[in-house]
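Okay, here's the structure, questions in a sec.
Going by the order they are written in, the chains are A, B, C and D; count residues from 1 in each one.
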Amino acid sequence: MSIATTISEVGGDTEPTLTDAPRRGSKIIRDILSSPGSALSAAYIVLVLCMAVFAPLIVKLSGWGPYAFDEAAIDPNMGGVPVGSLGGISSDHWFGVEPVNGRDIFARIVYGARASMVIALASTALTTLMGVIFGLVAGYFGGIADTIISRLMEFLMAFPALIFMIAILSALPADNRQYLLVLVISVFGWPYLARVVRGQTLSLKQREFVESARASGAASSQVIFREILPNLLPTIIVMTTLAIPGYIGTEAGLSFLGVGVVPPTPSWGQMIAASTNWYSVDPMFFIFPGLFLFMLVLSFMVLGERVRRVVEVGEISS
Amino acid sequence: MTNSQRDQTLDQPADRPMLSVRDLTVAFPTAKATNEVVHHLSFDLPPGGALGIVGESGSGKSMTSLAIMNLLPPGATRSGSIVFRDTELTALREPAMRTVRGSRIAMIFQDPLSCLNPYYTVGDQIAEAYRAHRHGVSRRQAHRVAIESMERVHIRDAARRVNYYPHQFSGGMRQRVMIAMALSMEPELIIADEPTTALDVTVQAQILGLLTEIRENTGAGLILITHDLAVVSETTDQIIVMRHGDLVESGPVEQIFSEPRADYTRMLLDAVPRIDDAIDDMRTLPSSAAHETPTEGARL
Amino acid sequence: MTDTEPLLVARNLVKEFPVSGTGGLFRRDKTFRAVDDVSLEVGYRETLALVGESGSGKSTVARMLARLINPTSGTVILDGTDVTSLSGAKLHDFRSSVQVVFQDPFSSLNPRHSVEELVTAPLRYQGRQIPGGARAFTRELMERVGLDPTWSGRHPAQFSGGQAQRVGIARALAVQPKLVICDEAVSALDVSVQAQIINLLRSLQREEGFSYVFIAHDLAVVRQIATRVAVMTQGQVVEIGSRDEVFDHPQHEYTRTLLAAIPRINPRWEARRRHLERAKAEAAS
Amino acid sequence: MTRQVLKRLAGMVVVLLLVCLFTYVIFFVLSPDPAVQICGKNCTPAKIDQIRDNLGLNRPFWAQFWTFLSGLFVGRTYGEGIQCSAPCLGYSFQSSQSVTSMMVQRFPVSLTVAVGAAVLWLLAGLVSGLIGAINEGKFIDRFISGLTFAGMSIPNYVLALVLQFVLVVTLRWLPFPQAVAFGDDPVQWFLNFLMPWIVLAVGYAASYTRLTRANVIEALQENYVRTARSKGLRPSVVWRRHALRPALTPIVTIFGMDFAGLLGGAVITETVFGLNGIGKMASDAITKNDQPVIMGVTLLAAFLVVVGNMVVDLVYTAIDPRVRIGASA
């Protein structure tokens, strides 16, 4: 009796702290958006997403479609330079027009957001799927499956991806380029996630809770989906968010080099490529797509970093 | 060493203590609140004495040792007084404190693998400490000191093993290397923070024996920090018991173990499983976990 | 203990692990024999402690007994049935007879699952009905291991080490096992908590009547809980016998070394403390 | 050690063979018929067939692949008269030149671009990473961190255009880049290459800054740093020996890979600035659909990366004692 009371006396504080419990999704999102930088980034990403989704509507409002030539807006005598200052910015053409053909830059930026977002998000989805599956299989089952997948990953990562992407894309026919872009980006992109997933699976597999699940009679699929996958989620979320800016950059880069989105479909990278010959006379032509592209990549980077800190380090809003 | 010897050393009138800690408080101030991990701790260590600091996890025992060395993690503050042989350590600036660290007070940590730098040979790491405190010592001299120190902690074939990297040693051998490093400077005080926690019992017995041997040979003082009551009972002659940053009780070992005054000490003593004892002793402890707090209970 | 058949019999267990990266260019694969011909018996309602230092092979034996790894050779017989090569439904039956409590509860409990998910997982994995529904079942188990049943929605990180280990014990109890293997189950806990968990394990054994295989490096803890003790070193059992026999009259040299190395509180001081406390208690009453 | 090297070498050969095969399959299947290109205008099917026969294009795939492989080592001939000496990576019928000789001409420019950029980004990355780590959490750290985000986010062709617009067109501080030889005019050489170097280095510098900062901060939290301080070592020694060495060692690996990747041509930078390196050669070949050149550049880049990978592994083995010397002897 005496000892029992002693212990409850010395036990003190009975209410455990709740900070270390897995947080709910809504709380995590609140934590992520609590920093001004990431909130701004998220807002910009939402804006670009809206541009992509509602492109036809927006273009209707602005009055000019992405493929319409406005010959009145350029000066054929000056070699096709837009009429007016700042690349022809006017109430008609909010961001001015392209030199030579007079297409509306605003409309092409709005439609360009589609190419950027669709290709980046589709690539992200595909790489995540491939990366998680291959990483899990390699890490959990080991043996021959691991050897084959690991070799394949090394092979793909040792590859000069950009040059190879250029080579493949230039060799393949240009129809269905979008699908091809997604495929090529994903084929070279998945090993980076798979490597991390594999490593984490290997270490999670060593953790005793996996052993205890097996001791409780769990089948491999149950161990993978109920025990391991939930613990991989933070990593997958972080890696995925941090991968998006890379894919946006890759798409734009490939389009810039002429092996990406096929003209006349607008893409920011392609617009920047077209502007290289004009930057000294019409800087606005490259400033708009350059700025939109830079801001989008930056926003995803800032947001991704914030997601990483919130999810991995457990940083919370104060 | 026999108990009668130990009793004699205890009965000697303590002359000027070698280390005197008064009102030591260690805190982690944050924007909202100040989290104190050691509150107003005071104790003395007689010259050549051996003091055990015992406590469960979260008791502040390790923070106390880091506070003496002024090696607290960033963000921590300390206040109070720490007098070591007439020097007020809290008043020393960093360059002056560096001449005390390693040279006059040496420290041995838990987990020797992570405490040794994997990129350098153990000899290099012992010699580096020696050269830092003895100016104008050549590399060869320092190398020889490293070999000698390793021989003193009974590492066989020291002349060859001095060129080994930490990962080439076993856990017990790595801890010997850490002790050799501490010894190389002939320190007046050795602070050992859980030096045997990661080791097997047979190795633990060797390391504890080694610490006692060194103390007898060099007359250095020892502060042994541990969660293991049986370890302090065999190795030290004074004990302080800590809990949640507070001093619960202090005194000579025999007194703490035979006439504990604090309830907490009694509870701890009751909880220690006995190798030689009857089985039913612990039945009086409750089996409910309602009173445990998340901060204690695990030293994982 | 009794003259009936023991609950578990392990005969001539051997486990070899391949060692890679040894030898020169044209090396042959070498193996390391972690467990070398170990035979054990565990009786009903008995606690067999397996003690030894790191690398002695005790945990490998435990994993073979739990069928977490397969022995290189040897057999494991539970309740008269050879379980060494069970699979499928038979293995599920075995899994509900033998459960494991691991050393580090924060590693052995999935951090993403709540207590309810953790405790009912063995039943779900074995495709069995949860008697009385998940919520009530969890609460009842939590009470039995001394946890507040209102905490059933909490996650492992919200518990202290001792509390989390109780969750681990509750999970083992969920399938009503005949044998619980405790692999260093109290080694990572503070002494005061350790004592409570030992008490819990003992009282559960009295109530439920299962057997323990108790793996530990701390001989003092073993003395508190074991009925029989097997001492292992370098993959072999060097001594096996009743607890008091092994502790008081160790036969093997290694056992003696091990026992001698354990730090002890001076028995004179202990006796004095007991005496003084008894006197104080008498004076108070 | 020897065994490790041999094993790596064998692995490298396998990877290179796979790269060759993979690349060859793709171009074998997809490339336009070189016979048609050679045949030119007044062409008849018979004539094409004759050329095909001449070039060995009617032989089975494996035979052609074998010819290609052996061409890498002993050279080969295309039909009559066109000699391609070893290592023969192919023959560009459009430029009437072997791919290898085209590369040899262009390699110095790519090398100059890569080396200059590497020096820049290493300097900038390590220095600003260290400054960030020393001042963790302070204004300067956050400022650098903000810059690294911008640096990693700006696509290098956008940066190239911005720099050209500002430095060349508006301020007229720099000339428009041309590949001036160092021997001709060192100052002009430097000024001409400065912009390509900066453009190429910015992204790498940003990620090296973040890497250095993170590694140093992590190393400072190691227990052995605490041990070093407990020995009474001077802060400069603690930093140099116990924080920087472990923090910077992994960067060697990454640097080796990045640098090897660049030697195979910085496609975008060279294209934007019109520098005649291997990258520009690749992008020109894409425009002209000159498949042998694209394939050659791909193979070269893969070769450089694979070899770089191996060199890095060996260097790492030499500088990390845990890898060099196995566990307890």
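The rule we apply is simple: contacts are C-beta pairs under 8 Å (C-beta built on N, C-alpha and C of every residue); 3 or more make two chains touch, one makes a residue touch a chain.
Here the structure is a predicted model, which means the values were calculated and not measured.
If you tally contacting C-beta pairs for each pair of chains, B-C comes out on top. Among the chains in view, A has its Cα centre nearest the centre of the complete protein Cα set.
Chain geometry summary: the mean Cα position of chain A and that of chain B are 51 Å apart. Chain C has its Cα centroid 32 Å from the Cα centroid of chain B. With centres taken as mean Cα positions, chain D sits 24 Å from chain A. Annotation for chain D: no residues touch 2 or more other chains.
Residues of chain C found to touch two or more other chains are 104, 158-160, 163, 192. Looking at chain B, one finds that residues 266-267, 270, 285-286, 290, 292-295 touch two or more other chains.
Within the complex formed with chain A, the chain D residues making contact are 15, 18-19, 23, 26-27, 30-31, 149-150, 152-155, 157-158, 161-162, 164-165, 169, 261, 264-265, 267-268, 271-272, 282-283, 286-287, 289, 291, 294-295, 297-298, 301-302, 304-306, 309. Chain D contributes residues 222-224, 226-234, 237, 241-242, 245-246, 249, 320-322, 325, 327-329 to its touches with chain B in the complex.
Those residues of chain B that touch chain C in the complex are listed here as 3, 56-57, 200-202, 204-205, 208, 227-231, 233-235, 253-254, 257-260, 266-277, 279, 281-283, 285-290, 292-300.
Within the complex, the chain B residues that touch chain D are 69, 71, 98-103, 106-107, 109, 111, 114-121, 128-129, 132-133, 164-165, 167-170, 178, 181. Partner chain B is touched in their complex by these residues of chain C: 53-54, 104, 106, 145-148, 158-164, 166, 188-196, 198-200, 202-203, 217-221, 223-224, 247, 257-270, 272-273, 276-277.
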